[in-house]
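Chain nomenclature is as follows: A, B, C and D, assigned in order of appearance, with residue numbering initiated at 1 for each chain independently.
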Amino acid sequence: MKRRLLIAALMASAATGAFAQGAPPPYGAPIAIEDARRVVAAALAEATRQSLPMAVAVVDSGGHLVAFERADGTQLGSIRVAQEKARTSVEFRRPTKAFEDGIVGGRNAILGLGVMPIEGGIPLLRDGRVIGAIGVSGGTAPQDGVIAQAGVAALR
Amino acid sequence: MKRRLLIAALMASAATGAFAQGAPPPYGAPIAIEDARRVVAAALAEATRQSLPMAVAVVDSGGHLVAFERADGTQLGSIRVAQEKARTSVEFRRPTKAFEDGIVGGRNAILGLGVMPIEGGIPLLRDGRVIGAIGVSGGTAPQDGVIAQAGVAALR
Amino acid sequence: MKRRLLIAALMASAATGAFAQGAPPPYGAPIAIEDARRVVAAALAEATRQSLPMAVAVVDSGGHLVAFERADGTQLGSIRVAQEKARTSVEFRRPTKAFEDGIVGGRNAILGLGVMPIEGGIPLLRDGRVIGAIGVSGGTAPQDGVIAQAGVAALR
Amino acid sequence: MKRRLLIAALMASAATGAFAQGAPPPYGAPIAIEDARRVVAAALAEATRQSLPMAVAVVDSGGHLVAFERADGTQLGSIRVAQEKARTSVEFRRPTKAFEDGIVGGRNAILGLGVMPIEGGIPLLRDGRVIGAIGVSGGTAPQDGVIAQAGVAALR
C-alpha cells in the first residue's frame, strides 16, 4: 500500500515537472467491482466525515465506468466532472493534478488537450499496473484531491 | 410497496396502449443516495443470484446519475445503455418497455424520439411522485426488466 | 483457429435468435499491435483481391482503436462505420450481423440501442476471450462480413 | 526530400511568427494508402527505436483517417490526440507546433479555435501541395514532434 502511494506520488511530481517524463505505469486488468465499490465507499465516507457533498467515480483500465455515487446535495456539474477526472487519469496514466499544475506553471496549451485538468483524479494501481482510476468532484480542487486519496488508500 | 408496483404496472400498460395517456405521476424531490444505493444493491444482488452480469444505474428526478455499479464481466455497451434507460424513464415518466411495446406495435416514429426503447428502465416512485428511475442492462430485455423490478422493490 | 471460428459462428446464431442468450465470451487482455496489424493486412489483402475498396478497423477489448487502414477510393463514410462496427462488436461481444438479423426479424427497437447494426463487425477471440474486434466497411453488408472473416482468420 | 523538409520548416516558422502569414501550401490529391502506411511504419519504427509507446495517425487532404497504429502500452488518450493533431494540421495547413508556439507567445485565443495545439502534427506535402498530415502522441510534445518528422521523412 505504502509503495503504491509512493509510486503515485512520484508519478504525479514527474508529470508536474514535464509531461510524460519517466516511464508511466503499464495498463493492467480492469479493476473488479468489489474493489471499485470499496474505493467509492471509502472516498464518500471521508467526504461525509468532512461534511463535503461529493460525486465519486471509479473507471476501469479501459476508462469505462465501474462504480459511481453522488452524495445528497452535491452540485450537478460534479457528476460529469468526477467521471471525466477518472477518465483523464486512466487515459494519461497520471493524476489530473499534473495537468492542473502544468497550466499553473504556464503551459496553457494543455487546455486544448481535451482533458479534465483539475485535481481530484488519480490512477488506481495494483502491482504497479493501472487497473483504473478514481475521480472526485464537489469541493475545491485540493479537497477533491484529498478525498480521492482516501479512495486510493482503500485499495489494499 | 404493493401499491407502488401496482401504479407502475398501470402506468406501463397505459403507456403501451397509447403515448402519454392517463395522468403521468408528477415529479417529486430527487431520490436520496441512501435509497439509490439500496436500489442498486438489490438489483445487482438479484442479478448475481441469477448469474447475470449487469450494469445498474439510478438517476434522480432530474435525470442525473446518483449511483451506478457494473458487475465483473458485464458487456461494455451496458454502461451506456443502463444509464440511458434510467434517463429515458425519468424524462418520460414511464418504463422504457412502453417505448419498446410501442415499436413492437408498429409505431417506429418512436425511434426518432432519442430515447432508449428497450425494457429495463423503470421510474422510481415515492408517494406517487417520480423521485428517479432505475436502468438495467446486460441480459435480454425481459431479464433486464426483471432485475430492474428487483431494484424497484427495494424502495420501501 | 477452426474452433475459434466455430465459436464465433455459434455466438452469431445464438445472438440472432434472441439477444444475449447463451453465455457470451468473457473479455480478455487487449489485442497486441502485431496481431491487430496482421488482421488488418489480411482483411485488406482479401478486399483488394476482390477489388473492393474498404476501410478496416481493429479495436482492443476496451473498444479502443489499435489499427486502421483505408484503401484508396473507399467511400469516406466507411471510416466511421468500420470503427463503429468494431466498437459495437466489443461492447456487445457479438457480430454486428446479430443486430442486423434482429432488425430483419422485426425487432426495430434495436435501432434505438446506439449500435452499428450492419454486418461487418466481428469479435476477435483468443483462448475463448474477447481481445478486440474487427470492423469492415465499404461494400455491401455481406461483402463487409466476408472481408471481416478474412481478418478473423488471420488471428492464429 | 530535403526540399520538402525545408518547406515544412519554413512553413512552421512562418506560422510561429504570426498566424496565416505567407501563402500556405494549396491542397492536393489525398495521400495514397501505400504512402500513408509507409509514413506510419517509419514513425512507429523510430518510436520503437527510442522505446516510446506511441499512437500514429495519417489523414488525407480532406482530414479523413487513412492509416492508424498504436503500439502496445501507449496511453489511451493518445488515440484521440494523435488523430486530432493530424486533422488540425490538414485543416490549417501547418504543424500543430505553430499553435503551441502561439499560445506560448501569449495568444490564448487559439484555445478557442477547436484545434489540438500540441506539437506532433505535421502536414504531408507532395510537389508543394498538402496531401495529408501525420499526428503523433504518446511522449512529450517535442518527442511527438521528432517522431512525426520521422514519418514525414518516409514520404519520398
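Definition applied: a residue touches a chain if its C-beta (ideal position, glycine included) is under 8 Å from a C-beta of that chain, and two chains touch if they have at least 3 such contacts.
This one's a predicted model, so the numbers in the text were calculated from it and none came from an experiment.
In a homomeric contact, the two copies may use the same or different surfaces; for subunit B and subunit C, under half of the interface residue numbers are shared, pointing to different surfaces.
Taking each chain's centre as the mean of its C-alpha atoms, the one that lies farthest from the centre of subunit D is B. By count of C-beta pairs in contact, A-D exceeds the other of the chain pairs A-D and A-C. Averaged C-alpha coordinates put the centre of subunit B at 46 Å from the centre of subunit D. Centre-to-centre separation of subunit A and subunit C, using mean CA positions: 33 Å. Each of the following residues of subunit B touches two or more other chains: 76. By the definition of touch given earlier, these chain pairs are in contact: A-B, A-C, A-D, B-C, C-D. The touching residues of subunit D, when paired with subunit C in their complex, are 32-33, 36-37, 62, 64-72, 76, 79. Considering their complex, residues 18-21, 24, 26-27, 62-63, 88, 90-93, 108-109, 111-115 of subunit A touch subunit D.
Those residues of subunit A that touch subunit C in the complex are listed here as 27, 29-30, 60-64. Of all residues in subunit D, only 73, 75-77, 80-81, 84, 99-100, 103-104, 108, 110-111, 115-118, 138-141, 143 touch subunit A in the complex they form.
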